[in-house]
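First chain written, first letter: the chains are A, B, C, D and E, and each begins at residue 1.
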Amino acid sequence: MAFYLNSNILPAPARVASVFWQSCLSGQLPYHLGVTLLRLVISFSIAMLLGCGLGIVLGRNKKLDAFFDNWLVIFLNVPALVTIILCYVWFGLVESAAIMAVVINKLPNVIVTIREGTRTLDQDLLDMARCYHLSKRKTLVHVIWPQLHPFVMAATRSGLALIWKIILVVELLGRSNGMGYQLHLFFQLFDVAGIMAYTIAFVAVIQLIELAILKPLDRQSRRWRR
Amino acid sequence: MAFYLNSNILPAPARVASVFWQSCLSGQLPYHLGVTLLRLVISFSIAMLLGCGLGIVLGRNKKLDAFFDNWLVIFLNVPALVTIILCYVWFGLVESAAIMAVVINKLPNVIVTIREGTRTLDQDLLDMARCYHLSKRKTLVHVIWPQLHPFVMAATRSGLALIWKIILVVELLGRSNGMGYQLHLFFQLFDVAGIMAYTIAFVAVIQLIELAILKPLDRQSRRWRR
Amino acid sequence: EKTLIKIGVQAYGTADWELAALQDDPQTKSADFIIKKQPLANAEAGKIALQSGAVDMIVSDWIWVSSLRSSGEDFTFYPYSGTSGALVVPEDSPIHSIKDLQGKRLGIAGGELDKNWLLLQALAKQEQMDLNAAVEKVFGAPPLINEQIKQNRVDAVLNYWHFAARLEAQGYRQIIDGRGILKGLGIKENVPSLGYVFKESWANNHKQALDNFFKASKQAKNRLCTSDSAWQKIIPLTRVDDLPTQTRLRQRYCEGNIEQWGKQEQQAAERIYTILHTLSNRQLTGNSEHLQPGTFWSAH
Amino acid sequence: MTHIQININSKIYPAVQKAGQHLAIADLKLTLHSNEFICLVGPSGCGKTTLLNIIADLDPDYEGEIIVGRQHAHPKIGYIFQNPRLLPWRTVRENIELVLESKQRADIIDPLLETMQLTQSQHVYPERLSVGMSRRVSIIRAFAVDPEVLLMDEPFVSLDAPTARQVRELLLKLWQQRPHTVLFVTHDLREAIALADRIVFLSAAPMHVISEITVPIPRNDRDNEAALESFRQQLLQNYPDIKKLL
Amino acid sequence: MTHIQININSKIYPAVQKAGQHLAIADLKLTLHSNEFICLVGPSGCGKTTLLNIIADLDPDYEGEIIVGRQHAHPKIGYIFQNPRLLPWRTVRENIELVLESKQRADIIDPLLETMQLTQSQHVYPERLSVGMSRRVSIIRAFAVDPEVLLMDEPFVSLDAPTARQVRELLLKLWQQRPHTVLFVTHDLREAIALADRIVFLSAAPMHVISEITVPIPRNDRDNEAALESFRQQLLQNYPDIKKLL
């Protein structure tokens, strides 16, 4: 492995750092990263909101579930390529098409995970809520949601990663900016240092999200455990 | 939408069916599908086995978790492109490199999901197991595993889908057969009917897996619920 | 008022260079068209952009245009470049001709339907060699294929022209290029491999402006090939910082210049089409036996 | 105000795998008069919890009908489940607050916490409570909603004698302050005699009423241990059917 | 054979959020002689379960020591938890089989199921059991392992009187057949007197031993209700400290 360290295949850390620094200075990296992050935030939010909603509904309603189950499997397994092409071709190379393509790819994953969680809900607690006439909202927020929390966290963590993987393809196929666009150019030039620098920037952002948002959420939601 | 139905972008079902039939007859589709499925089965098995193991360990051991958590986030968010390139460059355009690339991409997802599940394990039941001196194996199989089951199912379902998405890229970049290779050819020719036909074949296989394996497993593992 | 032409170009590709040179030309300001450039990451993105109507024009190949036309679309093609891929080996390689490929590992960009690969097989067949069986094929993405030969994991590569040029600049030896293969197959004409692709109906509405654009584009290319100062300006767009590679890229790019485009060339294209149709077992071309009429745009 | 007429022809739990179907209740007829205090006594596993769930409208899957007299179709119910069923992610206080609507929460909750000796533990999460403590929380929750019908499924088990006594007194006080119908499941005949207007003895599966016995001891004489004990002895002698249950 | 010496200086539950830290046990000294039957009586929430968990080696986080005499460092323990803690995905029978090693399972399980009247329900999953039934399953599980030390945390609540009596008899029978040390938590003084060699009264938090009283009634006289009752009255009179607990 050390053998490769000097080649351009796995560039020396110093080289990656210098590329990183230069792309930061030139404003290139912040620009593309920013664009991608914006897309990520929007499509992630839509996918999580819709996914949690639908997941809960399917998990609690056997009939609807039986009906939509096949569709779910289909959407889960249609190649990203297909949905991306169709979205672009139907709606044009516009931002909304890109975001829709990401959402369509991510949504079934969230639904499947949350549905699995909903199926394990504690019937005793739901009965309690019903018996004490808790409102729908209260039941959802205070009885159902905390039980789904681990599933939501799993969907969030692996979801961020998945969206990021998809967004790269989405940008590659129809946007003129963003990390995916940029990474592909680097790939064409086989500029591994560039790829690394951008990857590091992205991973750093996700680490930040993890530390600033997910970890505290975790702690908050686990504080009641023994 | 009907407007597009006649264009070659969204081909008529009859056309897709005929393409499907012809590629079946020519043996092309079964061949490439078979190759991809083989890769999928191997890499899925490795990723699930390793992922469940590591997920349980990290979920139960706070120190190890704190140590590996950062690495997990990194591996979760390194673009598929990067790992695939590195695997291919290091190990050559060979089968094992392809499979390793898929495993590396899928593994962190499984770990994260299972770890989340492990954190919710019922301490009372674990205490019971300890108190009655159940062996490690018995505790794992009869006390821990059933509680992880919903998480394993979530990881399986969204995992199959994820692997399939990654395997396409892996095959596209460095294999001479498989669905990804084939889809890429179609894509270069912009042959949407071909893409659809192959997609349908794959989705059908996954539906079969769902019906023949996952659904019965689900039923089996939920039979005790009220 | 001026005609707006939206062009999807592969970022840092030759069309990108040319448009940069064109826009740099003061004459363009007075022309009756305005160029709006949409950079895209790869060729497929271009095809999507064109079909979704996001751009009016992209650079692509005529075989694809023909197959589009056979399914009822009215896209058409105007030649842009004749540069094509090449077979390249390490300098000290024992391989000197196609015959020497026997039993060797050959890296191929683009998969089994790659035009150059199909044609190379046809050429080998003339010499009684079943290339498909004779070599160990390694398909992969172009950059990865280049890496493979650098690591000596393959003995020869058949790659796209700018990837091949990069290798050449590093001392690798070209055995044969796309045009050489065609010559070997008896096609003497210089048939363009790439061209501008656009909707015929759209073109008919903007004939004059389009014609002017094509002329200006040709001039821009000539300038890049003849004027060193013009070339210097677009060097950043090549994304290459060593002189040998830059020189090699410019050389290959300029060799692809289309001087002749008439009946003869179009008939040659028809012949190539037929060869590819058989070789690829229809997969590359679709079911149509012949090049679709109207594939090549004639402004007159 | 809430007169309830129970008339269950049958309640069957369907067969699951190797376990056959189970006829839990058959021909059970029972009338709960307004503001009556009724104790249910029956063998373990006979179907008492099943019955309470049906009354609480948690289980619609039975043959028969529950007619709730006049006023409300759904009376306000307080149900002390056999297990506390607290939300583990809410503290003691938050668990009680959850079932209350208004802002006068503190007025209701604080005195109850005080009586139940839980003021100190009000910010503790349920997994950190002892079993008896969680049970007391679930009792407070039921009392706090000021129910029209109070269902209590063995509420005082796991409570030490003095605490149980105190809760019992509180229950009676509340019941007398603001009368409501109480259905109280217990295995302890002494407790039943001390509390009930009427004791209903239930058979083993399929459950039905064996006999209903009105406790004639006046309310103000209920803390006279001797009176209770003599009634108990008398009961055991007069009803050989019941003796088997005790 | 298993003589256990308990010597807990302090057991502190750390503070969590708004809830302060809790000193559960302080200076508790207690010796369990071999094969002794000891009942623990103390107010709800005083720390009885905490103590049993420490003895069962489930909670290592305390100051002090538990010395288990001679032979085994870890005696075979049967623990009837305060909640049944059955695995919901295993049937009644499978739950019991889980803790048994050998192939003579049926020999052990079948008679126990019979005595506990659970033969019919042996293939039922725990969520479909009544509370009393699950409790009986957890009792069977503890008896089945043939323990050297038996910890019982209010095992008989939710059992109707006849069943409780039967289980009590079974417990005594097993204990006499194959002696082992029993630690039995209860809130019911009558039950304690009927069962115990020695009753240990515990204080409210921080828990320590208030007094230990040996029950002098001979084993074969234990079903004489009058004898038990008179001892109980005597106890209440002689120990004013204890009276507060009862």
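We take it that a residue touches a chain if its C-beta (ideal position, glycine included) is under 8 Å from a C-beta of that chain, and two chains touch if they have at least 3 such contacts.
The UniProt protein names, listed by chain, are D, E = Aliphatic sulfonates import ATP-binding protein SsuB.
Being a predicted model, the structure only gives us computed values, none of them experimental.
Visitor: With a step meaning a move to a chain it touches, how many steps does the shortest path from subunit C to subunit D take?
Guide: The distance in steps between these two chains is 2.
Visitor: Set subunit D aside and report the joined-up groups of chains, separated by bars, or one piece if nothing splits.
Guide: So the chains, subunit D excluded, remain one piece.
Visitor: Considering only chains that satisfy the touch condition with subunit A, which of them also satisfy it with subunit E?
Guide: Common contact partners of subunit A and subunit E, which must touch each of the two, are B, D.
Visitor: Taking each chain's centre as the mean of its C-alpha atoms, give the chain farthest from subunit D.
Guide: Result for max centroid distance from subunit D is chain C.
Visitor: Over half shared numbers or under half: where do the identical copies subunit A and subunit B land at their interface, same or different?
Guide: Looking at both copies, the contact residues mostly coincide.
Visitor: Quick check: how many Å separate the C-alpha centres of subunit A and subunit B?
Guide: 16
Visitor: Using mean CA coordinates as chain centres, what's the gap between subunit B and subunit E in Å?
Guide: 49
Visitor: Can you check how far apart subunit B and subunit D are, centre to centre, with Cα atoms defining each centre and the answer in Å?
Guide: Distance between chain centres: 51 Å.
Visitor: Indicate the whole-number Å distance between the mean C-alpha point of subunit A and the mean C-alpha point of subunit C.
Guide: 37
Visitor: Residues of subunit C that contact two or more other chains, please.
Guide: Subunit C, residues with two or more chain partners: 44, 51, 141, 147.
Visitor: So which bits of subunit B are touching at least two other chains?
Guide: Residues 9, 85, 89, 187, 223, 226.
Visitor: At least two partner chains per residue is the criterion; list those residues in subunit E.
Guide: Residues 16-17, 83, 125, 128.
Visitor: Per the contact definition, I'd like the list of subunit B residues that touch subunit E in the complex.
Guide: 124-125, 127-128, 130-134, 138, 142-143, 146, 221, 223-226
Visitor: Residues of subunit A touching subunit B in their complex?
Guide: Against subunit B, the touching part of subunit A is residues 1, 4, 9-10, 70, 73-74, 76-82, 85-86, 89-90, 105, 108-109, 112-113, 116-117, 119-120, 123, 150-151, 153-154, 157-158, 160-162, 164-166, 168-169, 183, 187, 192, 195-196, 199, 202-203, 206-207, 210, 222, 226.
Visitor: Under the definition above, what is the set of subunit A residues touching subunit C in their complex?
Guide: These residues of subunit A touch subunit C: 9, 85, 88-94, 171-174, 176, 180-181, 184-185, 187-190.
Visitor: With touch defined as at the start, can you tell me which subunit E residues reach subunit D in the complex?
Guide: 13, 16-19, 41-45, 47-49, 82-83, 91, 121, 123-125, 128-133, 136, 154, 157-164, 187-189, 244-246
Visitor: Going by the contact rule at the top, pick out the subunit E residues touching subunit B in the complex.
Guide: 53, 56-58, 74, 76-79, 81, 83, 85, 87-90, 98-99, 125-128, 141, 145
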